[in-house]
Amino acid sequence: MSFNTFGKFFRFTTWGESHGPAIGCIIDGCPPLIQLKEQDIQIELNKRKPGQSKFTTQRKESDKVQILSGVFEGKTTGTPISLIIYNEDMRSKDYNDIKDKFRPGHADFTYFKKYGIRDYRGGGRSSARETAARVAAGAVAKKVLEKKLGKKFKISAAVTQLGILGCDTTKWDDKIIYKNPFFCPDKSMLKIWEKYLLSIRKAGSSCGAIIEIRANGVPPGLGAPIYSKLDSDIASAMMSINAVKGVNIGSGMNSAQLSGEENSDEISQNDKKMKFSSNNAGGILGGISSGQEIIVSFAVKPTSSILKSRKTINKFGKNTTISVTGRHDPCVGIRAVPVGEAMLSCVLLDHYLMNKAQCS
Amino acid sequence: MSFNTFGKFFRFTTWGESHGPAIGCIIDGCPPLIQLKEQDIQIELNKRKPGQSKFTTQRKESDKVQILSGVFEGKTTGTPISLIIYNEDMRSKDYNDIKDKFRPGHADFTYFKKYGIRDYRGGGRSSARETAARVAAGAVAKKVLEKKLGKKFKISAAVTQLGILGCDTTKWDDKIIYKNPFFCPDKSMLKIWEKYLLSIRKAGSSCGAIIEIRANGVPPGLGAPIYSKLDSDIASAMMSINAVKGVNIGSGMNSAQLSGEENSDEISQNDKKMKFSSNNAGGILGGISSGQEIIVSFAVKPTSSILKSRKTINKFGKNTTISVTGRHDPCVGIRAVPVGEAMLSCVLLDHYLMNKAQCS
Amino acid sequence: MSFNTFGKFFRFTTWGESHGPAIGCIIDGCPPLIQLKEQDIQIELNKRKPGQSKFTTQRKESDKVQILSGVFEGKTTGTPISLIIYNEDMRSKDYNDIKDKFRPGHADFTYFKKYGIRDYRGGGRSSARETAARVAAGAVAKKVLEKKLGKKFKISAAVTQLGILGCDTTKWDDKIIYKNPFFCPDKSMLKIWEKYLLSIRKAGSSCGAIIEIRANGVPPGLGAPIYSKLDSDIASAMMSINAVKGVNIGSGMNSAQLSGEENSDEISQNDKKMKFSSNNAGGILGGISSGQEIIVSFAVKPTSSILKSRKTINKFGKNTTISVTGRHDPCVGIRAVPVGEAMLSCVLLDHYLMNKAQCS
Amino acid sequence: MSFNTFGKFFRFTTWGESHGPAIGCIIDGCPPLIQLKEQDIQIELNKRKPGQSKFTTQRKESDKVQILSGVFEGKTTGTPISLIIYNEDMRSKDYNDIKDKFRPGHADFTYFKKYGIRDYRGGGRSSARETAARVAAGAVAKKVLEKKLGKKFKISAAVTQLGILGCDTTKWDDKIIYKNPFFCPDKSMLKIWEKYLLSIRKAGSSCGAIIEIRANGVPPGLGAPIYSKLDSDIASAMMSINAVKGVNIGSGMNSAQLSGEENSDEISQNDKKMKFSSNNAGGILGGISSGQEIIVSFAVKPTSSILKSRKTINKFGKNTTISVTGRHDPCVGIRAVPVGEAMLSCVLLDHYLMNKAQCS
């Protein structure tokens, strides 16, 4: 039972609403003696921070994180790490129009049906603002993984499809991802994507995206049958991100179309070095990491808050329309990149720690 | 921490190996006073049972279930329900060849790396035989849902894509699904699929599949933000099924390509009856059921055990080849149909019960 | 796996160190639509607050609580409630002497052995200061119970034994408990206890205490076999309080000395009203509440921080002595009264909510 | 949420009713490569087995255990271990009289109130027969601990008080415990206890008991603040045993009467060997093991099923009386000895494994 908690051993619990005084998270199960300072977390938060380009919401949040507990003289102590980020640029009045109306594609209707009450300001708890707390938790997970797994561990994420436009993932370049406003790994697509997204924004519309995450240097043996398969925990993690509606591991949905001999990755050994001929499995066999690169991708649906007028009802059951004029990302998928990276970091660390208990 | 347990409130724990004496599960958290007899479970198990057509493994298992506890005078008592299925038609000798070899695409390598030991006979714990225990648990969940939600509740699953061949899901006919060997819902495809699968079997190859599950009569309000979103728990459930590599809710991966106005389902009301204009959300908004049909699909990779010779290594690190001659399904995806249906039933019941605690 | 989380459905996670910037907790699983304001929580916190009499530590903490999330327009929304209390009167320098020494009877030695690092200032995470966060969570639980169970629900706790001096529990008077510095329910003992505790304080020593908690108006049916027995969860709750070393339900340890006919409470019915002849069971039979008064007691060991010199070692393995001169309670048991009450409130609410999922 | 599951990482789930076909348990989280055969478990089950002396119930159960999964070629594989014990000597007719009556001191009334149905035969799920499954799980835990901690690890339990008669625990002799019908560790009391228990049985009455468990060779560092304190998990474990109403760690309830200087165990070091001057803490400080002997005791109330006539009501609300003539232990506390030992073994292993994840 863990509605607002993620993880089994390395666990974080998030709290906070979009227009409340603050948001934050508690991390429990972090190993002791890990060097950790606020700046380590801030670096990651800055990637997700809104207002950095014209292609994301213009809400201005410095997203300044404070460590309130669990760190002593620069090192983790093994006790819970409490992180807080104060909300700054809230314009709750922008949301008066949706106080009683249910925005199509949003959680408004279902929250109201379930709880009989909802903090409508900025989406309240269902706002993507919650993901800042995940990025903070992921930053801590990354620090631990880097210490435990050493330099061979590396995780990277990017937008590999923007609406109807894909990119060439063989041209993946880590260095450019956070240097372009689309978090695209393929330099050759930047101009094309820019033009495309500008046209969408201009039309008052929005588009979806596919995000891919790759983790290298993950040792074999992480994951656990049957209901804690690495695939299973990763899918759960990605689907918990706002607006995500599909998850693939390795060849994912496409594996349905492959033949047995195309799909199963052959194994060979050369000078004590094992090699797979391909990676349709996305680095996971039987729910357990094989030592190959972990490859995960997920689809983020297009932003539901659009300028175009949409039919809906209000909480009194009357038909009405809505056109959302607040500050919104034309493609929420872009800022999901650091979130996906953070979530995968947390899943990997969780299983790394559990594997110690299981098999050491 | 629940490696072999699924669910939060309605929980089942499975146990057993493919060639051990038996397999089974314990269901904890089942409400009392539900009518339950072995036959209720047997009906569902018979759908998954192997050896029913030439398109599934020829292993002959009667999959006869016994209820060992938790039912008194024909009704559940609220105490744990223990179910057992004895294994019958095991031919462990068939597996001597894989004792030391790692089959490509299988869990052999990763289990050995993790545990340093593995029961190789028939795949041991990683065998799809484990899914029989899930189908049994799902049968109990269905009985409870039918009592609690009444006749409007209905769940149905089918293969909607066999390898490279899709079918017309608008022609979905519940009545034919378990009456054809492909669990296909579209009568018009049966001949074509038969020819296709015969050719694959003849070639000593295998193919993947996409399974779709639809649940109607699910009330709004099931699911919970943030890390117990209905999408999240469903994705975790489906990805825990053997050989599943991708999961979609509603429009799923395809939602990345839609515009905001195409994707967000408009709402209207007529005579106190609410209606959505479409169902890209697959019946789930913000992680909570909206009352619309729940739509889930997942991809099963092609059977990794094929006749065609494949390169691999053995546990001593030597290069070798393998050609699997045991009894295998040319498309394991087919028998995943009742498994997916069972898993979704369990997730829905789990959230139905939790919602009582949360909001009643 | 929940090192810093308590509860199964109504869950709270605490964080913070004695001399860090703040302490707090996140409550998850609180039902929506409960009226809640900071003052509701403050009232309970004020009972536990230090510095209120000469018999408690002179550390001055206003223990001012802030609600950071989960409440909208005065009502809970069903989302996590984040509470924060800033630390104020910290004198970390008082603790320089224990930086390297392990105080006998304290967690110093074991924390260091386990984690290889410890925040020694004021006991860090192992300080009883953490219990303020529990009292805050308990205040919320009480508000929910009062709404759900109505006026018949009442919970009350008191010190029933101070060191070697008991009191007459048949004279239990709720109204005086928080009006005397010993949280004693028996007016006739106040003078005697005062004299006793003054002499202990003067001697630079300390004493233990027994706390009793009584809950009325608890409906039958709360609790669950086998490993979530109400007794089991209550024992776990009480033993998690700092310095607690023994827990009794009803006749408790004393039940070993009773005969079968003395111990088992007879049942009779009069005009549709059921009655038990006695309450050795403390209101719990087979782990499930019977509708009788719930009676729990627990022992708090004497404060380990005393003026008298004690032998110990330092972290370099050298023999030394220690005499603790900081600000300490001569009897930590006294301030455990509102903590025990809070913990029992949380356990009862947790089971009340779970029972809805199990049996409604 | 784990009604019938105990443990966090090393977890076991029990199932079965007193008069159902069988009882059993599933162990999840057991490390791989541990030598395990049925006889290892049988040895422990034989200690708890009924019908071994005139002082326990005359029900004849061979309590023969079968391993159904999780062990391959004599070693654990890391997958779930399923254990089953078939019930044999059931005389369900003996229980017809209690079909509609609630036995005072039993779970009859509360189960019926909660679930609206109960398997009354032999107490159904609330029967102490369930504890056989725990002893089986404990036997596995012990095997693991012995492998991981080596020969220095030793756990032992005994009855230290029978009704009103204590014994001299300084005369504790492991070798005699399971060789006398009272599981008494003090040879000098055997005759006296025999005479006492005979007189109780003759009078158609029953008596309670106190059981003490001691574990040596437990390394420092096991346990976790705050809500997984070793004390807390041990208290929960003991209180989950049928008829237990009080739990002490170290000085337990008695610690309330000690002064600070009497209670806190002084520390000293001699030739690199650390020593405590006493063990009031029962080997646990701040919830974490100190390396000292772990000392736990708990009280078992007298058997509620007695020959003497007792007032009660039936399920129709009518006043009646009951006199239980079935086969019962005059002191159920005796057979709780191997159960307590098993539960402590499980808690210690659980924390041993978790500590690897936390701090290795």
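Residue numbering begins at 1 within each chain, and the chains themselves are lettered A, B, C and D in the order written.
By our rule, a contact is a pair of C-beta atoms (placed from the backbone, for glycine too) under 8 Å apart; a residue touches a chain by one contact, two chains touch by 3 or more.
Given the structure is predicted, the values throughout are model-derived calculations rather than measurements.
A count of C-beta contacts for the chain pairs A-D and B-D puts B-D on top.
For chain C, the chain whose average C-alpha position is most distant is B. Mean C-alpha position of chain A lies 26 Å from that of chain B. For this pair, chain A with chain D, the centres built from the Cα atoms lie 46 Å apart. Rounded to a whole number, the gap between the C-alpha centres of chain B and chain D is 39 angstrom. For chain C, residues that reach two or more other chains under the stated contact definition are 1-5, 8-9, 14, 29, 32, 78-79, 114-116, 125, 225, 354, 358-359.
The part of chain C that touches chain D in the complex is made up of residues 1-6, 8-9, 14, 102-111, 113-116, 125-126, 130, 161, 163-164, 200, 205-210, 220-221, 223-229, 231-240, 242, 244-269, 272, 274, 277, 280-282, 284-291, 299-306, 308, 310-313, 317-319, 333, 354-355, 358-359. Across the interface of their complex, chain C is touched by residues 1-5, 8-9, 11, 13-17, 20-24, 26, 28-29, 32-33, 66, 68-70, 72, 75, 77-82, 84, 114-119, 124-125 of chain A.
Contact residues of chain A toward chain D in the complex are 1, 9, 29, 31-32, 78-79, 225, 353-354, 356-360.
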